[in-house]
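These are the structures, in structure tokens.
There are two complexes below, and they share chain A, which is joined by chain B in the first and by chain C in the second.
Then we have the complex of A and B:
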């Protein structure tokens, strides 16, 4: 699994969590906040993504990324590390 | 461990004025298409002549009034729990001691750990009772917090756009003893989770700062960690089966919903329908009062407890699980048992009826208060309070049972009963 596959998982979880975004194009450079995903939903998307990739780390370690691509890179790094 | 300990009596005070949260969000032009999910309705707003002392005393007074003189003499410790302190040295408890006319053989101090302070105070008090060093001794634990975050500067309102609607004010007074009529604590049954993180803080007088996303993440980590530690300590305990009701620290209802969902998925891989149903049954009642006063910080988990006991229709003993989280951060999951007597006694406080008596601020009045000109800032040496700043809010026909700040003379705060 690489960062691009994690991006796909995150985008899938975004569409699942916020049905209004089902048809909207979403890419690496988008930030969830700018897409209108609120903070509770963001946390759920991250938790679901961690579950999907089988990574167990505290949520606070995933704070900081400014967009979906950076989040995927961070999850990828934690997974490899 | 069979010695009983817990909350003997309890009261919540939500101030004299409130603001409608939806009206505030509309006024601020906040884009909240899913506003209902946040589960907020009203928030208490502290007027300039209300401070952490008046909130605390007004919450505690009915408890003291209901005690016999002999019972009052057994209050041997007053613990104020707050992140809204008014002096670096002198504790709020000293003012409570004066205005509640408590015995002189008494320990007075104040404790701080953001919104965890109340749980910390309760546990310290419970352990004092359990220690048996003064059999029959009682502790008055009072959480008291107000939010005046917009005082810092004009930019603060904008920066804190999404926390402004949830920041409230309120105090919870509890008498802790070996006759726990409201909540009998399960002594020894608790779990902690703590680590250093800079999520939200009060870095200077009258200022708040923080990162809402990081705080939510820390809250979720702590919910899982504290519950996990409880389950490790308490043989046979099960998050889904052991607790008929749950009370969580409630910055706003939506956050509690998120944490509950996290726990149910993590522990049981529960499906959305089951999670939603469980939330409604086990956490719905706990939101009853929080959505009327807003986030009361140190008292929030006990505001939730009061809501549960008052509205869950308790007709037989029930075990309640409580989760407290304080930024920075420290958290605890603990439990206790409440029954029909708890509901009858707490009902006698008329908490909800007191909320109903609050004055509803207009947006214009609220904005005038936000400007902060009339507020006694931290470190003020001398001041006279304008009691008519919001004429409609002043309890003109009061019975002398409500404490307000009158003036500050040489840093000493002077209060009057109205």
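Then we have the complex of A and C:
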């Protein structure tokens, strides 16, 4: 699994959590905040992604990324590391 | 003549959901037809232990979606049904006419979503690291208050009250109190859907409260309140929202007036019924209404179909002198809605008042006590002036409501 596959998982979880975004193009450069995802929804999306990739890390270790691509890179790095 | 309150409190809107369907039209039609909706329970998480008879009862169709999809997907079934009955009652009463700060919400019921909670536990116990954060606010029954007040302009107050199987009636009592105290001008009493799982159902069966062994192969005959062949209550999914308001606030609809209401404790810890508590609650409600038992022309029983519950309630009817009045049991049609029962059965009283007709009591073929004027398996035409509604709950909760027809109480 690479960062692009994790991006696909994150985007799938975003569309599931916020049905209004079903038809909106979403890519690595988008941030969840800009997409209108609220903070609880963001936590839900990240937990669901972690479950999908099988990575157990405390949520605080995933603060910092400014967009979906950076979040996927960070999850990918933690998974590899 | 009933006592005239300075500013009586009346029922101005109804929203209902049950095995008969969603909305007042399906409710009315199904009640008077005495339509059978009992079958084996099929919803995920309601499986009986291996090798045992499936649980019998009533499940409702999928509720109409009234919440935005983004919110809807996060709500429990109990929450989605609550929003649906609230939407119907809101529109029926025309609550938009009242300032949000003058509207309150009392949700009756506790531990409402145990089926979904058990399913989530089974799925996530071994991988607790991935428990969804939203569970942190959803496991509280008061999530229903948040869900409903976020979707509707209710800004007076919102809370839950528990009274076991009397919760719906207790919610009506507390909504009445909130209006009477001046806290709000209108208040919704919402008997919430108690979503039982197989764990709960099995315990209720083991406790001897839930039937039915006798009619395990014929679900349509299994629920028999006040009949000699009764052997326990049958669960039925249900929910109801009732809008109560002060007469003077000017909502146009009037289903009936709440002339008297009482909810008292009898000092019982467990499921055992107590006729002294039942009698005291009824006498308090009647006294508040300024009525005698002789003035009551319809009794809607708690009447679950458990042998000790029915026997105790009959003792109460005898002590109060209710031999002259027509009695029926809404649970014979809907099953036992537990938290919702008191609210949806009060809705049944109001619908019967409006129609001048009493719904049948399914399966009441051989009344345990034929000395009462039962409404049997056929409906009865009768104008109702004053109705007495009973609701009892485990833990010694006894509630009684006296409701006057719009014309009788003016």
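What we mean here is this: the second predicted complex is superposed on the first by the 81 of 81 C-alpha atoms of A that agree within 3 Å, B and C clash if a C-alpha of one lies under 4 Å from a C-alpha of the other, contacts with A are read in each partner's own complex, and residues count from 1 in each chain.
Keep this in mind: contacts are C-beta pairs under 8 Å (C-beta built on N, C-alpha and C of every residue); 3 or more make two chains touch, one makes a residue touch a chain.
What you see is a predicted model, and the numbers here were worked out from it, not measured in a lab.
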Which of chain B and chain C A:35 touches, first, second, both or neither: neither
Chain B versus chain C as contact partner of A:1, first or second or both or neither: neither
Touched partner set for A:19, first chain B, second chain C, both or neither: second
First, second, both or neither for A:47, with chain B first and chain C second: both
First, second, both or neither for A:60, with chain B first and chain C second: first
Those residues of chain A which chain B touches in one complex and chain C touches in the other: 40, 43-44, 47, 51
Residues of chain A defined as touching chain C within the complex: 17-20, 40, 43-44, 47-48, 50-51, 56
For the chain B and chain A complex, residues of the former touching the latter: 31, 33-34, 37, 162, 195, 197, 199, 211-214, 216-218, 220-221, 254-255, 257-258, 261-262, 265
Contact footprint of chain A on chain C as seen in their complex: 69-70, 73, 127, 129-134
Contacting residues of chain A [partner chain B, same complex]: 36, 38-40, 42-44, 47, 51, 58-60, 62-63
